[in-house]
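To start, the structure itself, in structure tokens.
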Amino acid sequence: EEGMAEFQARIDRDEFIEPKDWMPEGYRKTLIRQMSQHAHSEIVGMHPEGNWVTRAPTLKRKLILIAKIQDEAGHGLYLYSAAETLGVSREELVRQLHAGEAKYSTIFNYPTMNWADVGAVGWLVDGAAITNQIPLCRCSYGPYARAMTRVCKEESFHQRQGYEALLEMMKGTDEQKKMVQDAFDRLFWPALMMFGPPDSDSAHSSQNMAWKIKRFSNDELRQRFVDATIPQAEFLGLKIPEQIKWNEETGHYDFGELDWDEFWDVVKGNGISNDDRMNARNEALEDGAWVREAAAAYAEKQRAKSKAA
Amino acid sequence: MTSIYTNGDNPHFQYVLGLGDDALILGHRWSEWLSKGPNLELDIAASNLALDLIGQADLWLSYAAELQGEGKSSDDLAYLRDTHDFRCHWLTEQPNTDWGLSTARMLMFSVYQYIRYERLVNSSDERIAEIAKKALKEVTYHRRFATEWTMRLGLGTDESNRRLQKGFDTLWRFVPELFETTAWEQELADKGIAVASKDIEAEWTEVISAILAEADITMADTAGKRVIGSRHDGHHTEHLGHILAEMQFLQRAYPTAQGATW
Amino acid sequence: MTSIYTNGDNPHFQYVLGLGDDALILGHRWSEWLSKGPNLELDIAASNLALDLIGQADLWLSYAAELQGEGKSSDDLAYLRDTHDFRCHWLTEQPNTDWGLSTARMLMFSVYQYIRYERLVNSSDERIAEIAKKALKEVTYHRRFATEWTMRLGLGTDESNRRLQKGFDTLWRFVPELFETTAWEQELADKGIAVASKDIEAEWTEVISAILAEADITMADTAGKRVIGSRHDGHHTEHLGHILAEMQFLQRAYPTAQGATW
Amino acid sequence: EEGMAEFQARIDRDEFIEPKDWMPEGYRKTLIRQMSQHAHSEIVGMHPEGNWVTRAPTLKRKLILIAKIQDEAGHGLYLYSAAETLGVSREELVRQLHAGEAKYSTIFNYPTMNWADVGAVGWLVDGAAITNQIPLCRCSYGPYARAMTRVCKEESFHQRQGYEALLEMMKGTDEQKKMVQDAFDRLFWPALMMFGPPDSDSAHSSQNMAWKIKRFSNDELRQRFVDATIPQAEFLGLKIPEQIKWNEETGHYDFGELDWDEFWDVVKGNGISNDDRMNARNEALEDGAWVREAAAAYAEKQRAKSKAA
């Protein structure tokens, strides 16, 4: 009890909690869940974009796309490492993902259907992620806050790159413009759902707020994203869905009700690509097992040799 | 017998094109590993290799386009030629059957590229020298990476040794082609522009055999083996056509979209 | 929300196009088995399935082109549309991971096609009726072939049962899409031209469940499962794009070559 | 000795030898080798053409190509069955192929590099095969002669289809014409080598002639093929290699020396595609093992059931 009060006091003073510090079990567990979910999203997120690597239309775009996916693998690595400071191994976290026990951002269960999706994922999905993550750069857990700072910087870069790619396509042929519109139409709504269920349905929120693991509500962040994104879509020259309207009174865009039934359906595995994502992860894990074993065996032999010497 | 697709007109262009195609196709093969690697660290490593190689391809192909003098871009060369106009070595085209084969190929090819670039740094063509110099730094890392993984797999477990050996065994047959030297390549070499491929075979064999001996991998004797067909006549393994079908889809399907708008 | 690729303008065309695309893509998947089958007899069987289905595709797409009225041919429709204009069901696009999956899909789809065609034989559109009549004979054989192999694999060995079950389990998620019925499909059905997909779900379920019960395969309950996205809006699994990149390569790479000269 | 004389007498009277008839071991062995080699060629020959099935440029061409490959599987089946009448099982013959103990026509170790190759394989490879096989329709072993009759009929059809496809392409664009010329330039010489080494180097020939397993020499058949093919090539509008010249005196085309070093090199495994062909066969065999086992187990269960009933 006393520890708990002191812990909360530290958080209230905006101090960082570090790995060796005492922390409540709930805080640790919530962080592990959140951080690993975030790491898993980076990893699974490689696949929808990876779908276009071999078909990128120019050398420049191919290089940009590879570099972006590489950054995602890097983010996954930081975040797993940050989570490991909480006393859980990367192997265990990966096991949870593959066993279907852990979640990842459900937007990756939608397929990438045309080349504009690659730009739109940068613009909308990375954009939503950043909106979510910027507040986490001030999260109370030190390793997470520091990882987020780095991740956000790179994701802002991706977001601008994605947007720039779409700007270029909008200068192209009608077919290219249509691809951009189609990508926007498909990905915008799932991107809004990346902020999670409406505040009215969201569990744990107040405790996480108090712990400064979460600093704004889902709906607040979602609104912030919509307000930033719609003018960008207009600047691109896209047709904006009818239900989105500027509200002079509130100074925000109204966007109506989201289709939460679809959200839960996709979370539960009913998206077009859920199985493809997990199959791809499982294949990579299984096909690579002998390589990981060889590397471990080799390292062991080297250790034994240097000990003997 | 020469082929209808032989182009001996502009050897300087053909030579640089070959350097670019090697980097492009091998880079493409590495890009296929993305998100499929044995772990995240190797996903990242594969991306690095792909980025370096495709970056080199862009430089070589841009210069090749200049030498060709038809106002084309590196993208035009990458995306709008069919197999018979590609000049990459057959080794680069082979599919990634597993990490063992990809490692074996990378050892073979990075040592080859390293030796080529190391000499091209002194090319009398300054543009070639400049690109080779930049690329040499990257390939130095590739060679180290491939060597380290050859050791890990060769000396790791029985299975990894077997798989790496199988990778090498699948690929030996493409080694003699690396050292085929056309008359025009020899002429370019005599002018100090190019490296005659046959001149680097001895060094390649020496380097590779030393590494493989240490890694407990058996080396095949490929010296003097005849090469049937030639990349300079547009001859390739059947894999290249499938790579291009995928790689070139968007440029082919949307021919009126200009490069800059992608 | 409708998609920019929705085309509700000419439902009659869209409906026939969908029949053609199903046959084309599933036929293409069968053609991938050529020379890779478990034995020569099955190579031959796979060829037959591919031939029948691609032949059906040709008929449907030729008629679709007429209904479209833009002077196109079945080849134009097959080779010059991108994914968003394809109207095949997602089930047909899935890769042949093994003979178990291909068998599971063929049972699911041949029963579906059989029921569709059996009713389309009575279409008030004579052309539809005529093509359905011809195709029905072929699909009768497909259904028998798929049923027999479902029995062999389901009741053969433990491994074959496991693999067949895995094939079905991979594919159940694509079943609800088979029975999605758009408003315009319902209208066409009301006019006696088309079959409303939802009207054949019960029969399909009954037939499949009887076969699977006998084959010792567990059936999933997919009834009422929501379908996210729609082929009528150009939505597909990521596999279709890769099929088309390969399938359309020559037509895309050599746009000035006319159909008759291939 | 007496049996041998009677056997030869039957052959000399142009009687067919049938499976249950007495035959010399050498006759049996030679036939098994030749028939299985022929069957293997049909099977391996599916691969270079199979390489283009998924990329055939029109629905019509796709159908024609699939049907042709299907016929080859069928030919493989007849020929294995015909060989089985000599007391060797198909499994054993397939094993020999996969173990590298048996040969197949080495032309299939060359890759198919462009779409015209598909037509050219029909025209030249099936054409050479027919030239080889027509005399075998009168071969002394009954089952082989009958199989050959059927095979030749279908291959003549393929040959005409292939030629017709090239005629069409020669009416097309320059790029299409170039494909045809390239396919001809690459495949013509290996097609000539399909008739086997020059008579001066050919073993066993006289015995096989006496047994009527072989009815014309390699060089005779090769000349016959060249004489038939060059006018066809000219009609297509192809450029004919310089070394080929009409010889007024002999009434034949001279074509100079073939590159037999290349032939033997490719036979020994040094062709561009040798390994690809054997890998493809091995993969099909391995991946299909569980299916064949399941079918056998099911058939066994059905037998047991019907016995019990």
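Which chain is which? They are A, B, C and D, in the order written, and residues in each are numbered from 1.
Heads up, the rule we're going with is that contacts are C-beta pairs under 8 Å (C-beta built on N, C-alpha and C of every residue); 3 or more make two chains touch, one makes a residue touch a chain.
No experiment lies behind these values; they were computed from the predicted model shown.
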Touching both chain A and chain C (chains): B
Chain pair, B-D or C-D, that carries the greater number of C-beta contacts: C-D
Distance between the centres, which are taken as Cα means, of chain B and chain A, whole angstrom: 36
Inter-chain centre distance, chain A versus chain D - centres from mean C-alpha coordinates, in Å: 57
Sequence positions of chain C contacting 2 or more other chains: 82, 241, 245-246, 249
Shared interface positions of chain D, touching two or more other chains: 55
Chain pairs that touch, as defined at the top of this document: A-B, A-C, B-C, B-D, C-D
Chain D partner contacts - residues on chain C that touch it in the complex: 24, 28, 31-32, 34-44, 47-48, 50-51, 54-55, 57-58, 61, 74-75, 78-79, 98-99, 151-153, 155-157, 159-160, 163, 246-247, 249-251, 254, 256-262
Complex interface listing, chain C residues touching chain B: 82, 241-242, 244-246, 248-249, 252-253, 255
Footprint of chain A on chain C - complex, ascending: 1, 3-5, 82-84, 90, 170, 173, 225-226, 228-229, 234-238, 241, 245
Residues of chain D touching chain C in the complex: 43, 46-47, 50, 53-63, 66-67, 69-70, 73-74, 76-77, 80, 115, 165, 168-169, 171-173, 175-176, 280, 283-284, 287-298, 301
Partner chain C, residues of chain A touching it in the complex: 48, 51, 55, 110-114, 178, 181-182, 185-186, 189, 241, 261-262, 265-266, 269-276
